[in-house]
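Below is the structure I would like to discuss, written out as structure tokens.
Lettered A, B, C, D and E in written order, each chain numbered from 1.
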């Protein structure tokens, strides 16, 4: 059964190849259908594989091809099937096929439709490689592959250089992380002699050979994760990545690719467990990101930007969990987040679709009546992310908070703050978009309509998933008391370190109530401001309060990086080019030629054609010789 | 016999071309190259069935100089590269207007012959001879078919600089040679004699060899001849230089420097690795600031080669194999990248990237192919660039993780300049009419892309070929 | 002995032919004589050391090899230059002088007595003084001959004084006796001064710094064919004589001389290449390059052991290369001029000449696989372990050398609207020379 | 004939040296070509003197024979040299060596 | 004793006339002074029992060579040529170089043992008979070659002196 796993990435790849090379002759409908069907096919296979794992099969390795064999360096194109990877492929293909379906509708009028579908397929292929690879190097293949797909999709509308800049920024910043990952791989190979999970963790424990290098190795891997999962300080690319079409944002920049970092850390939970320092780093990076993302999201007016910062913030939550050793909970949050964030993005896409490309929530309002399906599903997503029982977000987020409370109160407080912020900004956006008066142009109002079926079906499916998805991970203590197993925890036990919790039932319930109360308060607060008082949102030029401006400017990180890295590096290379390359090195080369000529010129007067000079030279030479001998 | 015929075919072809009319020069060269390819592959297969491809024939017995050609994995790999790159170059230029084309192709074939000689050489002196000899054809190619206002100055600089370097190689080889009881330039004898030297002596011998190779590769700070030479040379000459000629140097490291002076490198060769690593970063910085495509490719080539050098010098299995593999990959990539350059330059009449844009709209297939090449250039997995580069970094990590990190900066910088260039040229609104690619141009890029990807996904058999070099 | 006889009689017979108005037979006669000498050396190739004429000359492997080399060079010179000599209308005189000079050159290879050495040098030089001035109407040629003569006779006097002192110290002119005297125990100050003066005299003849000053002037002023002769046969003979003297007879003193020779070589290389790099007159540039080659030839002296292979190889490879170069140089010089600019565009109308010149220059520069490379190879390989520093200087100056050779090549291959057109004769001979340059790689082992 | 019983070889060598140095001095000091020739002759004679005295010292004839040959060569040299000089004079109308510097650099 | 005086006398004559050769303004005086030097050197030869050599010396040098010089001087009318003097730098360097050479040489070439020539002499070496035997037996080859040298010199001298009006560049 597990052998089938090799087919799972193959289908999207076939889709990509087919559409790229033969797709031009197909109608958009056919091409879209093929792309979607192939991913769906993978989804079906993924379910089969997942089922075997659910029934407690062992981790299985499926070798496809010899890849790189050099001396002791042995890496194959080979897949691992274990709980973690099977869970990941499940939601990748699941959410993926929904988004493919959605894209058929969303991108229908775009001239690059074929291209778009093929890229999506390629992305799914690489994402599957990433999680299925049985070694770090294959993970890296997928890692870079999704990076490229992300680049291509962010810059999908390549005629506008703003998009291209965003794409480039995403790729280059990802590369910063990739360097960390490469170094981490190198270190692990040098110390442990293998890059295969089987040797390192699953079948053996070679990762332990890292010894004193464990922290460094873990940190390097985490740097990779930071890049891909947009953790502070490498997070600035993700909001810019919203330049791509919305399905891309949903698939890549919310549901799947950005969670690759969590996958990596979770996969190497053995390593992070033995390194306290690295775990601390992960925690704090996560917390800072969570708070920062949430705070920026408070002030953003672009519907996708809000969601993007929300994603950043949620990813921060996940890393905070990882850092505190709650690997399964982090993965749990990945899954629920995939549901509701994909839902939110697709919903926002639906809105944008209706608004004819407008993304500014200040220009929206009152869409509730025009697009009910979108409204209701979006509401589900919003509640889910705000963390209201019984929606999916509640379970996963609450468990992260619980774990934080157990470990570190400062972390807990900050995460709580971020969670409160989340509730506020989500409902702020929600109210501004769907309630109140329409604030856009007349033309736009006329154009408003519900999206086609291909777009609403995925919304509904995801809404359902966001609603019930949380039950796969019932809180530990309460679940224990109620004899409801933490299904996910149990399932993942074969792959990664388990989360240990020693909370009492009462505390857990109390915590859940408190967090819900805070969320509720925030929702009311937002309601108060945007519905009751209908406070208009400030235009860009009107933003005067320093704090507001700081947040609206995203803490000035982009400018900071521009001034700290891009400009100095450009200046450095230009300077090096001018001074070292042109003046010094070339000058040295040409100068040495001149030196030879210089010898000639110095000696030229001596060769003056006078016999007496020549004779004198002979005599002087003779005298010198006699002296020397 | 196989080795000999592969060495002789281009040489004879070049003589034939020199004495023929200009009419069918490209066809002749192409035919000869295809013949070589067949002989090479057939020969490889035949070797597997026990045929000996090697040849040794004493020339000057008093100093132990023999005309000895090897036919082992690395030699075969490099010959294959030479032939493929040669095919690419000739195929690409066959429909171009070239004056006195018979001589032009004659020089190219002679150049190939010399380089094949260097790759196949099982005798240090023969290696040196071919290494130097290869300078002559390229010299004439640049001088007669080059362009630009400083042509003679640039050619002179190139020639003298590389000559300067290789003379140090001669000194080193001679030093090793002199240390033998019965002098011989035979490879195994040279290796043994090199190993027998003290670490200090080996350090000096290595220094001489490395200077030669560093100039040819080139490695910072010996690279200053390279960008201007690439710029002034005819495009075919640039391809020859970048794709094959500099591989003589990196191959020389593998074949001669490492086996002879491994101890010397380990004890006194840190500077060389450091220079190589600096070279990687420095060249990346240089590439970052270039406004012109050709220069950017030239500097990116320096960065790659620095990586090859650093990896090889760290002297592990991964370094050696990765180095050889990367040489092959970079050779193909270099030809392809310069083809891209030539295509664009031909249509725009210049190669200032900032003044272009929107090629993707006009020529989507071209953009697609180029994008894959760019990705190979930044060592994206599943392209051949990745396999080599990762192995090299891996090997360097055995030596020093800090160096790996520094060299690894090129991962970031490479992405930055390559994408910046790609964006400037291919993306954005369309601003210029862009003539569709000719069949030849398309074919050559497609084949290059195919090779790059196939080698990236399935490098296994090629890697098997070059295991256990020593 | 027969060889010497042939060479000595050659000049006489040439004069006789003039008398009998048989000028057109002169060239074939010379060719035949040269061929006979070459044949003779090959016939005697494996012969044992054989001292002849009451200890005046010796026929040994060294003498045979060097004789063959000089004769080949002379023959090649003759074949490439005979038209130019015949054009002067004085071919009988010139041929006779050349034949006498050649006789002196052969004597330089096989003397065993300082008297013979002295006579050989003079027989070699005196006709060349005349030849250098042989273009009687040219002021430059006159000046060249005069300078050569004055400085040459001063150098001869110094050499003679050295010989006298050496005689005083050892009591003999016989090389074997001198060898024994120098080998046994300490060497008297008298001998040292003698050696210094002999070294000075030879340094002048082979033109190494600081005794080289005459060479560029004389080479430039002399008619180009004669320059070719001086640069190859005369210089070769001088270095052969010096090698026999210093490596053979002064063996005992060599360890002490070595340091001085190294300094001389280094200075010569630097000066010659530096000067050559600023020349705009190609002939003068070649003269300076000849000086730097002399340094290489001198360097063979400090290679341990008496192994003439390196010196023989160097002389013949340099000789053939520069004869090819001088041959083309002469054609261009007659048509256009000797300046670098005059070579512009030579390749356009005369691809063969340009190619031949290029190959010759590249060989002189030591680019493999041409003969010049092997010449340098043997020198450097002999010195690398004992004098690594010197080899580095050699290498660096070689690069400078390459620079000025390249300048000529550049000029020849430059595109120009008014390319120089020259008469191309001797294509076959030049081709043979080029082939020889390439084939030297294989021929090395028989030297 | 018992002569020279107090005059040692060093005396003769001294004289020879002085004459030789004189010749060198003259060559450097004068610029008239013909005087320079004479100075060469002076140097050769210094050599001759040294040779004869060495011959005397060693008591053999070799040195003296050598002197013969030097004379022969000197004669030949002078013949050629004066011929060159005359030709030079014919063309340039001077024998001032300082003006002979068309070839230089 | 007498011979010792003779030695010193001849030496002084040789040296002073040598100096006069160099310093005379008129080349003819130089020639005459040079002949004086040659005569004194011949005297030395005589003192050293090399009578035959002394005779040949006079004949060849004074008789042939110097006459040739005189002949050329007369023919070319080179009498008062050096109107312009050489710069002092050259003069000074000439003095210094020659002086240095003399000092160095005379310092270096003194034989360690003060051999009195009289003790060594056999008295017969310089006689015609012995010389003849040596020349025609041991030095036959050089003797013959000397003729080649003469021939060459003759051809050369003749070639240079003869006029050839329709001479082209060689």
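Basically, contacts are C-beta pairs under 8 Å (C-beta built on N, C-alpha and C of every residue); 3 or more make two chains touch, one makes a residue touch a chain.
Everything numeric in this text was worked out from a predicted model, so none of it was measured.
K.L.:
Going chain by chain, each one touching the next, work out the least steps from chain A to chain D.
P.N.:
The distance in steps between these two chains is 1.
K.L.:
What are the chains that chain B and chain C both touch?
P.N.:
Common contact partners of chain B and chain C, which must touch each of the two, are A.
K.L.:
Using the touch rule from the top, work out which pair, A-B or D-E, shares more C-beta pairs.
P.N.:
So, comparing the two chain pairs, more contacts are at D-E.
K.L.:
Whose Cα centre is nearest the centre of all Cα atoms in view?
P.N.:
It is chain B that sits nearest the middle.
K.L.:
What's the chain with its C-alpha centre farthest out from chain A?
P.N.:
Following the centroid criterion, the farthest chain would be E.
K.L.:
Roughly how many whole angstrom separate the Cα centroids of chain B and chain D?
P.N.:
About 65 Å separates the centre of chain B from that of chain D.
K.L.:
Centroid from C-alpha atoms only, then distance chain A to chain E, rounded to Å. What do you get?
P.N.:
Those two chain centres are 102 Å apart.
K.L.:
Nearest whole angstrom, what separates the Cα centre of chain A from the Cα centre of chain C?
P.N.:
Distance between chain centres, rounded to whole Å: 77 Å.
K.L.:
If you average the CA atoms of chain C and of chain E, how many Å lie between those two points?
P.N.:
Here chain C and chain E have centroids separated by 30 Å.
K.L.:
Where in chain E do residues touch at least two different other chains?
P.N.:
86, 90, 93-94, 97-98, 101, 105, 108-111, 138-139, 142, 146, 149, 152-153, 156-158, 160
K.L.:
What parts of chain B, by residue number, touch at least two of the other chains?
P.N.:
160
K.L.:
Hunt down the residues of chain C that sit against at least two other chains at once, touch-wise.
P.N.:
Counting only residues that touch two or more other chains, chain C contributes 115, 119, 122, 126, 129-130, 133, 136-137, 147, 150, 154, 158, 165, 168, 192-193, 216-217, 403.
K.L.:
All pairs of touching chains, please: list them by chain label.
P.N.:
Pairwise, the chains that meet the contact rule are A-B, A-C, A-D, A-E, B-C, C-D, C-E, D-E.
K.L.:
Could you please specify the touching residues of chain D with respect to chain E in the complex?
P.N.:
Going by the criterion above, the answer is residues 1-15, 17-26, 28-32, 34-35, 37-39, 41-42, 45, 48-49, 52-53, 55-62, 64-65, 67-69, 71-80, 82-87, 89, 94-96, 98.
K.L.:
Once bound in the complex, which stretches of chain A touch chain D?
P.N.:
Checking each residue of chain A against chain D gives 604, 607-612, 615-616, 619.
K.L.:
Chain A touches which residues of chain B in the complex?
P.N.:
Within the complex, chain B contacts chain A at residues 157, 160-161, 221, 223-225, 228, 282, 285-286, 288-290, 316-318, 321-322, 358, 360-361, 368, 375, 378, 380-382, 386-387, 390-391, 393-394, 396-398, 401, 404-405, 408-409, 411-413, 415-416, 419-420, 423, 426-430, 457-460, 463-464, 467.
K.L.:
Could you please specify the touching residues of chain C with respect to chain B in the complex?
P.N.:
Residues 309, 362, 367-369, 373, 377, 380-381, 384-385, 388, 391-392, 395-396, 398-399, 402-403, 406-407, 409-410, 413-414, 441-442, 444-445 of chain C touch chain B in their complex.
K.L.:
Using the touch rule from the top, collect the residues of chain E that touch chain D in their complex.
P.N.:
Touch residues, chain E against chain D: 1, 3-4, 7, 11, 14-15, 18-19, 21-22, 27, 30-31, 34, 37-38, 41, 44-45, 47-50, 53, 56-57, 60-61, 64-65, 68-69, 72-73, 75-76, 78, 81-82, 84, 86, 90-91, 93-95, 97-99, 101-102, 105-106, 109-111, 114-123, 125-126, 130-131, 134-135, 138-139, 142, 146, 149-150, 152-154, 156-158, 160-161.
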